[in-house]
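Take a look at the following structure, please.
For reference, chains read A, B, C and D in written order, and residue numbers begin at 1 within each chain.
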Amino acid sequence: MTDAVTLQGVTKQFGDVVAVCDLDLAIADGEFFSLLGPSGCGKTTTLRMIAGFEFPTTGSLKIHGQEMGLEPPNKRPVNTVFQSYALFPHMTVEENVGFGLLMKKLGSADIAERVKRALDMVQLTHRAAATPKQLSGGQQQRVALARALVNEPEVLLLDEPLGALDLKLRQAMQLELKDLQERVGITFIYVTHDQDEALTMSDRIGVMNEGELLQVGVPQEIYEHPTSRFVADFIGEINLLPAVVVDHETVRLLGNHPISASTGAASGNEVTVAIRPERFELYDLDEPIPEGMNRIEGTVSRRIYHGDVFYYDVDTPAGVIEAKEENRPGVELYEVGERTIVVWAPAATSVVQE
Amino acid sequence: MRHSRLWRLALLVLAIALVAASCGGDDDDAVAADCSADQVDGDLNFYNWSEYIDPELITAFEEEYGVDVVESFYESNEAMLSQLQSGVSYDLVVPSDYMIGIMITEGLLLPLDKDAIPNLENLAEDFQAPPYDPNLEYSVAYQYGTTGLGVNLDLVGDAFTPSWALVFDPALTANFAGGVSLLNDPRETMGAALEYLGYSLNDTTLDHLQEATDLIKAAKANIATFDSDQYDESLVNGEVAVAHGYSGNMIVAIGEADNPDQFTYILPEEGATLWIDNMAVPVGSQAPCTAFTFINYLLDAENGATLTNWNYYGSPNAASEPFLDQEVIDFYAETANANTEVITDTGSYEINFTDKLAEAKS
Amino acid sequence: MTAPTDRQAVTPELEAAAERAASRRGVLIALPSWAYLSLFFAIPLVIVLVYSFATRSSTGLTQLRDWNLDSYARLWDPLVGEIALRSLLLAIATTAICLAVSYPFAYYIATRGPTARNILLVLVMIPFWSNFLVRTYAWRVLLGTDGPLSQLTQALGGEPIRLLFTNTAVLIGLVYGYLPFMVLPLYAALERMDWRLVEAARDLYADGWTAFRKVTWPLSRPGVIAGSILVFIPTLGAYVTPAILGGARTTLLGDYIVSQFLAARNQPFGSALSIAVMSVMLAATILYFRSGARNL
Amino acid sequence: MSISTGVRPKSPTERLLAANSWLVYAFFYAPILVLIVFSFNDNNNVGIWTEPSLRWYRAMVENDDVLRAIRTSLIVAAVSTVISTVLGTMAALALERFRFRGQRVYDGLVYLPIIIPDVTMAVMLLLFFAQSFRILDGLIGWSPNFGIGTISLSHIAFNISFVAVVVRARLGQLDPRLEEAAADLYANQWQTFRRVTLPLILPGVLGGALLALTLSLDDVVVTSFVAGPGSTTLPVYVFGLVRRGVTPLINAVSTAMLVASMILVGISLVFQRGTASSPRVAEAHPPE
């Protein structure tokens, strides 16, 4: 089976600015793929090149094996859901949804039938005659979705489609989108800067920064095993501690403190150790610590109550470590100024190069 | 598409065109039109001074010959000349004496086809051989008149000397409520100032003309407007006390005023303009035969009288005399003895009059 | 559309080709208006430029030979300077009066509620959309010696008003004709303004006047500049208003240029004058765009 | 100072502002009202009121010159509006939606006619027509005359720019994503323009067309320079009347022109209702 979308050595320049640099990416058929990164990282440009709104400066862009680099958007089997929805303000919901089919010169009965089905799918049949201005944000978003899906594209491109919605609605829509994607079985390419969104919905995630694709993987892999400092830092909360590689299984933190971690780098290299706050446990100085765990002693310098969890800042020779402990009956609280031992598993330790 | 190349191309075309035009501009040979009496060859574009012809005459002509007469107006000989020089084509124009000379020199006029104008014989003897067109090759007199001053006796008083001082002497004009109005015409207005200074209105000494310019400038505080169109109304409405203007318009306006005795028209003793306006056919005419027929029509005895009785200018048409209002005949008989001068073409000096009027006005 | 098999075969110039295609379409769409404006605007402009170096014959014909700079030399004539200065002063006075009257006016409209604002604005537009000549002519009726204003003052026992054919009349006419040009940009600038900034200034201990001086005025400056340019440029070359209300008594630039063509028949000098006036306006406009404006 | 707050005691400043505004409105409307009132005056003299009558309106419709001038005006306005709207809209599209070489020069070419004083424009076109007619005569022996043709060509020349500016402003406000969405939904360039771009910029195009129409109906200076025999437009005719003397006939003609303008404004307001939030200056037309 061919991949839905293949990018090979794609570079996009705007004047002197390189927006996307030598991108290689293959997205499988039926996959929910997210492009994640901060604004200006090139993810939207990549999406727009797939849609045909921008043309690559160099490189090859294929959709289902067909070279598409030069095709105008109207000749591509993809459809887009825009960030601002881009609903035609002078047309009704029905006309908006039927626009693509009309352009494809389908019969009017056929169009009416398919538009109805699409509106049923997004539960907006009752607003068919409304204009976009009369709809709420969430409803507009559904219209935009229906307008794209009604054409049964091979690939659906979504450019931060939930960005304009409020938190509750956004979370509900995330699940709905994921559901929908599984139901229709179309390849989704989803652009977002929201890591939660990407982690929740995606089959795979590609993290971009400054025009480069840094890491591609399933959500867990990206979260648990970032391969670069940027990916580690961008996704979730994380402690980044400078270290020096000792051997395959050991690195030395500041304060000459050795810990176990799988390194994969030559000894003597300066690296960064990345550990999620929720991976730490705090122990009393006299408490027994399980075998094989990494540990470092320090002083609690701050405690913040956060409802479901407590955050602790612990001053250690290796630097300030942020730890997160669940707010559960029976969990011991540490006071500011108290000595404690921070404990974590070697497997929870990612070693990343700069 | 390379715009720079297109630009260059456009400029090249333009340059060629300009050269072509400057070389080919002189071969506009005035080919005489061959017409017969009462022949018409299209609608008549008539370029005339405003309020210079009885509309009834035009309507009658249109009905008789089945053509349209489209009238356009100008307010000075110079304005008319500039239109013709720009290439706007008319079929009939009415330039004054000196302007006929200029237009002949410029090659702007079509020779008259005298076969088409049998009524030429009606022309009075005085107008058979004017100095600017001795053989009537290009023009034939339309009307004549004088340029003088209309005076509001209520505002000026009865005891005044008929002099250009009435408009140029600030000491005098300062007493006139509303001030005075002067014609917006280079030869007439500069000429009046020259006369007041004791020179001829055809004087071609630049120093004298500068003196005249300074004179107008000094008098300007009391000059309400430079106006060639509605000085007569301004006078009878009391807007101005003294108005510089043409005899016919003045007489008609005074005659129609609520109190005609309150006004008078005078010719300054230093000398005033006697002018003759003439009908002529410009070179670009599209309907020269209609134009000749129209000229012939106006030279008819009764039509000529209608013309004069409507605007009260002097008639050059001897045959019209029996049909004229006695008032007009008497008036122009009087002016025959006045101190008047005809404006002549001063050739290359001409341009100074327009330049200096502009300077005086500003 | 054959798929490349290896990295060497990737299409290298996709974008360049697409841009060429788009650019070709753009040029095609621009072409008709480009051709029209080249023929009926750019070439006429060049002709005026060419004429300004030509000589005038004694009968006022323009001779396209003996090229010279006489017409430009004549621009330094004190007479021209006097006329230019007078036009300039008149244009500045008109602009200043328009600004002084319009600012509070636009401010008032911009601070009404949305409905009132729209009605008030339409009321500004209505006279503005009527024929310019008619509006100017109306002042001739109003200011005439036997006009309504004069009759009113006489009924009140005063002197008849003699404003017609004075510089004051021209000034009134110009202010009347161009006032909306000042009102609209000022209104646009004030309406667009974030009024919370004024509140912030008041919150930070500025009194009403200081808040205006430090916040409102600087923020409305683009409107002030746009309005001033839009009033200044046409009044500097005004022809119709002085002709109707000024009685041809004093010469202004517009009238002077027209008279060079229609009376003095000095096309080279008239052309040079036109070029000079145009250059001044071009400079003013460039200054305007330099000041950060993006649109007229 | 905030907008539309509830009832507040009026400050002295507020009162002054209000008073100034009503004075400005009085200034705006007084001359026009006087003009209208006196057009119904049965007197030969413009300023003296005797009794109401329709005398001058009768004189107007019986005057062949007025009727001919109206006809000329309408022909010129219609022709120049249609052509300049099409060309101006295309110019706006080219400037706003495309990038090509020489665009800056083209941009300047489109903007320049707006800032050029109309006296200069008039002079330019007069010399141009005079020169090109001479050339045409020399080359192919055809010498066209000044008239409706030259007037229309000249009006188009200045109208294109105004239409382009108005339409361009409207295009600038249009979300380019909408056009991308159309392309994404299989519309080709022409379909995108006809079904999405044009309907959405239509208020701007109509605004530009109305502006062109009023500019054309307003113009005196350019028209009087390039007019020929018998091709006087109404404003030029009225200008001539005004210069030749003030008769109440002008009041009647002016009032008729005023009513015609009002109808135009009415139409434009209906079209533009609820579209432009703040009026752009370019949509207001410059006089003369």
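The criterion applied here is as follows: a contact is a pair of C-beta atoms (placed from the backbone, for glycine too) under 8 Å apart; a residue touches a chain by one contact, two chains touch by 3 or more.
This one's a predicted model, so the numbers in the text were calculated from it and none came from an experiment.
S.K.: Name, by label, each chain that touches both members of the pair chain B and chain C.
M.R.: Chains in contact with chain B as well as chain C: D.
S.K.: When I count C-beta pairs in contact, which pair ends up with more: A-D or A-C?
M.R.: Greater number of contacting C-beta pairs: A-D.
S.K.: Just how far, in Å, is the C-alpha centre of chain C from the one of chain A?
M.R.: 54
S.K.: For chain C and chain D, what's the span in angstrom between their mean Cα positions?
M.R.: A distance of 15 Å separates the two centres.
S.K.: Between chain B and chain D, what's the gap in Å when you average each chain's C-alpha atoms?
M.R.: Measuring from centre to centre gives 36 Å for this pair.
S.K.: Two or more other chains touching the same residue: where does that happen in chain C?
M.R.: Residues 19, 24, 27, 38, 42-43, 47, 146, 261 of chain C each touch two or more of the other chains.
S.K.: If I count partner chains per residue in chain B, which residues reach a count of at least 2?
M.R.: 1, 18, 21, 85, 237
S.K.: Identify all positions of chain A at which a residue touches two or more other chains, and write them in rising order.
M.R.: none
S.K.: Touch graph across the chains, line, ring, star, complete or other?
M.R.: The chain contacts form none of line, ring, star or complete graph.
S.K.: Can you identify all of the chain pairs that touch?
M.R.: After working through each pair, the chains in contact turn out to be A-C, A-D, B-C, B-D, C-D.
S.K.: Which part of chain C faces chain B closely enough to touch in the complex?
M.R.: 24, 27, 38, 42-43, 46-47, 50, 56, 58-61, 63-65, 79, 82-83, 86, 145-146, 162, 165, 247-251, 256, 259-266
S.K.: So in the complex, which bits of chain C are touching chain D?
M.R.: These residues of chain C touch chain D: 19, 22-27, 29-30, 32-34, 36-38, 40-45, 47-48, 51, 101-102, 104-105, 107-109, 111-114, 120-135, 137-142, 144, 146-148, 150-151, 176-181, 184-185, 187-188, 191-192, 195-196, 198-199, 208, 226, 230, 233-234, 236-241, 243-244, 253-254, 257-258, 261, 267, 270-271, 274-275, 277-278, 281-282, 285, 295-296.
S.K.: Please name which positions on chain C make contact with chain A in the complex.
M.R.: Its residues touching chain A are 1-4, 7, 9-19.
S.K.: What does chain A use to touch chain D in their complex?
M.R.: 51-53, 72-75, 78-80, 82, 84, 86-90, 99-100, 103-104, 147-148, 151
S.K.: So in the complex, the part of chain B that touches chain C is made up of which residues?
M.R.: Result: residues 1, 6, 10-11, 14, 18-19, 21-22, 76, 78-79, 81-83, 85, 102, 105-106, 178, 184, 186, 220, 223-227, 237-239, 347-351, 354-355, 357-359, 361-362 of chain B touch chain C.
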